[in-house]
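Once you scroll down, you'll see the structures, which are given as structure tokens.
Next, two complexes with subunit A in common: one pairs it with subunit B, the other with subunit C.
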Partner chain A sequence: MADVKLSNIKKSYGDTPVLHGIDLDIKHGEFVVLVGASGCGKSTLLRLIAGLEDISSGELCIGEQQVNSLPPSQRGIAMVFQSYALYPHMTVFKNMSYGLKIAGKGKDFIDAKVRDAAKILHIDHLLERLPRELSGGQRQRVAIGRAIVRDPNVFLFDEPLSNLDAALRVKTRVEIGKLHKELGATIIYVTHDQVEAMTLGDKIVVMNQGRVEQCGTPLELYQHPATRFVGGFIGSPKMNFIEGKVAAISPEHIEIQLSNGCRSRACVEAGDLKIGDAVTLGVRPEHIEERSDAGTPLSGEVSLVERLGEASFIYMTLSDDTEMVVRGSGESTVTTCEHIEVSFAPHNAHVFDSNDRALRRLKPGNVHSTAQLAELKAVGQEAL
Partner chain B sequence: MISLPGLKHNTGKTLMTHAVLLTYTVIALFPILVIIINAFKSRKAIFKDPLALPTLESFSLEGFEQVLGRADFGLYFGNSMIVTLVSLFFVLLFGAMAAWALTEYKFRGNLFLAVLIAMGIMIPIRLGTVSILNLMASLDLVNTLTALVLVYIAQGLPLAVFILSEFIRQVPKELKEAARCDNVSEYKIFFTIILPLIRPAMATVAVFTMIPIWNDLWFPLILAPGESTQTITLGVQQFIGQYVTDWNAVLSSLTLAIVPVLVLYVIFSRQLIRGLTSGAVK
Partner chain C sequence: MSHPSSIQRRFPWHILFFLAPGLLIYVTFSVYPLLDTLWLGLFQEDATGQRFFAGISNYQTLLLDAAWSEPFWNALWNNTKFFIIHMLVQNPIGLFLAALLSSPRLRLSNTYRTLIFMPTMLSVVIIGFVWQLLLSPIWGISEGFLYSIGLGQYFDAWLGKESSSLITLALISVWQFVGIPMMLIYAAMLSIPDDLIDASVVDGSNAWQTFWNIKLPLILPTIGMVSILTFVANFNAFELVYAVKGALAGPNFSSDIMGTLFYRTFFGFQLQSGSITMGAAVATLMFLIILVGVMLYLFVVQRRMKRFQL
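Let's look at the complex of A and B:
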């Protein structure tokens, strides 16, 4: 059992602080994904956990032990690097067995261990090859294999898929997910790719500028982003943001006067908001519909249409020059320069106050079609 | 047909480059060629036409017979080999270790040491000949091969550290970090991971270090002129007299002296393969 506990971890290079007090609890067997834009400190945090860099202040515990000053090898961790970091002059077998050999393990033990790991990763036929004779995906497996044979308490992955091509990335992602189930180990995984984060993580930690913005399950983050940054970061294409002012407050919803002149309802708790306060309305592209009667209507000119087959991303500009993206249907006939009307339902709106904090949503739901919405309303009326 | 002015320009450039390089090669190889062809000629033929190739009449091995006939000539060869190889070994070992320490670890005096070593490249060691002789005399090392080895290590180290530092810096840091996660000790990291990766650089340094040592006349003449410690370059001098020079013997011994360096060079140059690190990281 190895829980990982970070309390108020800080890191600075000289006078430049990069991590401003990170608190994190990771349970044994959890798959935690650290995600954020580049330069947010996620890789640094991983390196601190690995022991490759010194912690400036705060406490790091793995299992019951405080490991702040222990070298990497005594922390019970194994790291998989973005660049694989295979020893180029050693065969795959030697690469995977080197750590065990250094640890003074017996030859038979090493052999069995390496072959087991190789089997799990389907690289048992490559053991005598050199890294330069392997493809990118195979090298990545060897790097993971090298971590597995050491039986670590915690696996650390530093953007392991970013050097792979798109198809291989999806495949390896699925395999890492399976591997986690098989090994039942604690995994801390750094990525800048929110799809990887959403699909792999039991828990996602969104980081921004050396701070934890939000920590939660993938769906929590998607449905209840705590800040505007998280709202924009999770989901693809990005959440649309429209500036506005609070126009009216009621217990079920608030009304917002948008910058393009429209008035919109949003099903959120008003909290401390007063009428006239500046807020930002956030709507995901997939929650906007290509029709004017789903809720708040918005109209604008189409600047670009990306057709993906199953959907079309319609980029439009509102009358006040706000850029928006709408996820339309794959059969959408909209063309560039056309003037279109779209709308979204109030319960799909997110509202962020002037400090970019989200207001609590009252009816979080991911209702896609108006038919579903009607159904939901009917159920609601029956309940009444 | 599309005209390709760029290609034409490139051809001209390539020709120029090759012309310059060929000229240089000819100039550099010419004296060596003259030595070798004359080593196989009779004394008369050498003076008659130094540039002619040996013919059936002029062919003679009298120089080689004379050189190989002397028992001490093998000794000179042995001395040169010992001095060169031992110095080379230590220059490479200490040079790589120092380069690793200076690039990998932050410690007090790191920069000072680096600057000191860089200065060693710029200041010729021969300026210190008198002090070195004094030092060797006090240490009772005059007329020993140890004296030569020590001086050559000092002479070779600065450039070795300088070149190897550059190469060690290029070894991806993830490799060292991966090794540290594997609980590999710092010495093991150096000997089993860093050294194999900088082999091409080591070969370069070996060639650069070896040739001046093998060819040196200055320090053998000053520090080890004794009969039993002479090196080959010093040994050749005995054929050059004030009044008579035995050109056959001089040229033959020089020809023989080229062989070992050439062999070492061939060995090292096979290591000068690029892309040894390919496959380590993407």
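Let's look at the complex of A and C:
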């Protein structure tokens, strides 16, 4: 059993803090994805867990043991690097066996281990090759294989797919998912790609500027983003934001006077909000419909239409110059410069207060969660 | 009627035009002197200064006549020792310094780099003169220095003894030129991606194992190049011995190397009269020795060494 527990982990380089106290509980066998824009500290956090950098303060436990001062090799972890970091002068076999050899394992043991891992990853025919003779996808497998042979409790992946082309990325993503099921090990996976995060993670940790913004299952993040940042980060295309002021408050919903002059309802709990407070309304492109009677109507001019076949992304500008994206149907006949009316249902609206905190939604965004997941995955595929 | 093929068959004058300046300089200052030297080695001069073709008799004299062959083999063996000392001392120290410099924990590494490289930029004559003064048993400071740290009884007139003069000269040369292997290896080490080192650390290797198993194999091509540069420079060396010990490379020719032997043969020194043709023969042998060494490196060593894309 290897639960990973981070308590108030801080890291600073000189006087520059990069991580401001991270708390995280990772259960054995969980697939946790750290996601965030570049520079948010997610890779640093992974390197701290790996032991490649020193933790400035806080406590890191893997299993029952506090590992703050243990070297990487004694933490029971294995890491897959973004650049794969295969030793260029060693064959695939030697690359995969290097760690075991350093650990002083017997020849037969090493041989069996490497061949087992190679079989799982379908690279058993490549064992005598040098890394430069392999394709990107094959190198990736070797890098994963090198991690597998060490039988770690925790796998650390640092953006492992970003050097692959789009088609291979999707394929490898699926395989990493399967591998996780097969090995049953804990995986901590860093990526900047929210589609990877949504599709792979049991739990997603959204990071922003050295802090954990929100932590939860993919659907929790999608349906109940805790902050404006998470709302904008999860989902593709991005959630639309419209500035406004609270105009009326009732137990079922609040009414917002939007900056373009419209008035909109949103099914959220008002909490401490008072009439006149500045808020931001968030609504996802896929929840806006190309008709004016679904709820709050919005009108604007179309600036661009991206046709993807099964859907069209309609970019429109509201009267107050707010930019919006609408996910229209594939058959949509809208053209650039056209003036259109769209609308969204109040229960699909998100509301963020002036501190960018989300107000609690009264109804889940959608009727059925599996249907929602399917839709989300469809959106993800398009984004690739 | 112009035909496409007739245009293609025209002599490519422009290629010649652009090659000419470089070719001209190379032929004038490199190819011609070399060929002329090889050619000159096949002649002899009589008492009147008349030159006549003598075949390989110069080489026979040089290699078989005891009056000539003894100094020749002595110089060649000394030169080999000179080279071995460089390989055993200069390059390992250069490697060690490069490894230290590339350590991210080292502060002021740029300062060290500059200081260590400094002697390389000085003239060999100045280095030779300075060390001659430092090591002088009469007014040198090294004796006092050794006494002050309690090692005074080990002081000796190293440059003046047959047994130690060559080694001392070689070490002076090592001191001066250690910056070159250091810089080349340092550059090679910097080009090793950090991820590789991290991967090796995660795999459980300590600093020494990382160096031995990962870094060293990746900088081997550079070490090979450093070795061949050392070889060529050592077998062409002359100035340091000349500056410190003079053309006689004393005591009793114990620091005589190919460069000083050539100098005495070609220009003459004290009782020995110079011979242009004999000098040319010595120069030719020096050229051949270096040629063989470089060929061995290129065709035996370098072929087995793989360059790895990092």
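The working rule: the second predicted complex is superposed on the first by the 366 of 384 C-alpha atoms of A that agree within 3 Å, B and C clash if a C-alpha of one lies under 4 Å from a C-alpha of the other, contacts with A are read in each partner's own complex, and residues count from 1 in each chain.
Heads up, the rule we're going with is that contacts are C-beta pairs under 8 Å (C-beta built on N, C-alpha and C of every residue); 3 or more make two chains touch, one makes a residue touch a chain.
This structure is a prediction, so every number in the text was calculated from the model and none was measured.
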Superposition on subunit A - do subunit B and subunit C clash or fit
clash
After the superposition on A, what does A:136 contact: first (subunit B), second (subunit C), both or neither?
first
Taking the superposition as given, does A:77 touch the first partner, subunit B, the second, subunit C, both, or neither?
both
Please work out whether A:163 is in contact with subunit B alone, subunit C alone, both, or neither, and reply first, second, both or neither.
first
Looking at A:313 after the superposition, I want to know if it touches subunit B, subunit C, both of them or none. Which is it: first, second, both, neither?
neither
Applying the document's definition of touch, where does A:89 land relative to subunit B and subunit C: first, second, both, or neither?
both
So in the superposed three-chain picture, is A:103 touching just subunit B, just subunit C, both, or none of them (first/second/both/neither)?
both
Per the definitions at the top, what is the overlap between the subunit A residues touching subunit B and those touching subunit C?
50, 52, 71-73, 77-79, 81-83, 85-89, 98-99, 102-103, 130, 132, 146, 150
Contacts from subunit A onto subunit C in the complex sit at residues 47, 50-52, 71-73, 77-79, 81-83, 85-89, 98-99, 102-103, 130, 132, 146, 150
Complex contact set, residues of subunit C against subunit A:
193, 195-196, 198-205, 209, 213-214, 217-218, 306, 308-310
Per the touch rule above, subunit A residues touching subunit B in the complex are 50, 52, 71-74, 77-79, 81-89, 98-99, 102-103, 130-134, 136, 139, 146, 150, 163
Touch list for subunit B against partner subunit A, complex
172, 174-175, 177-185, 188, 193, 196-197, 276-282
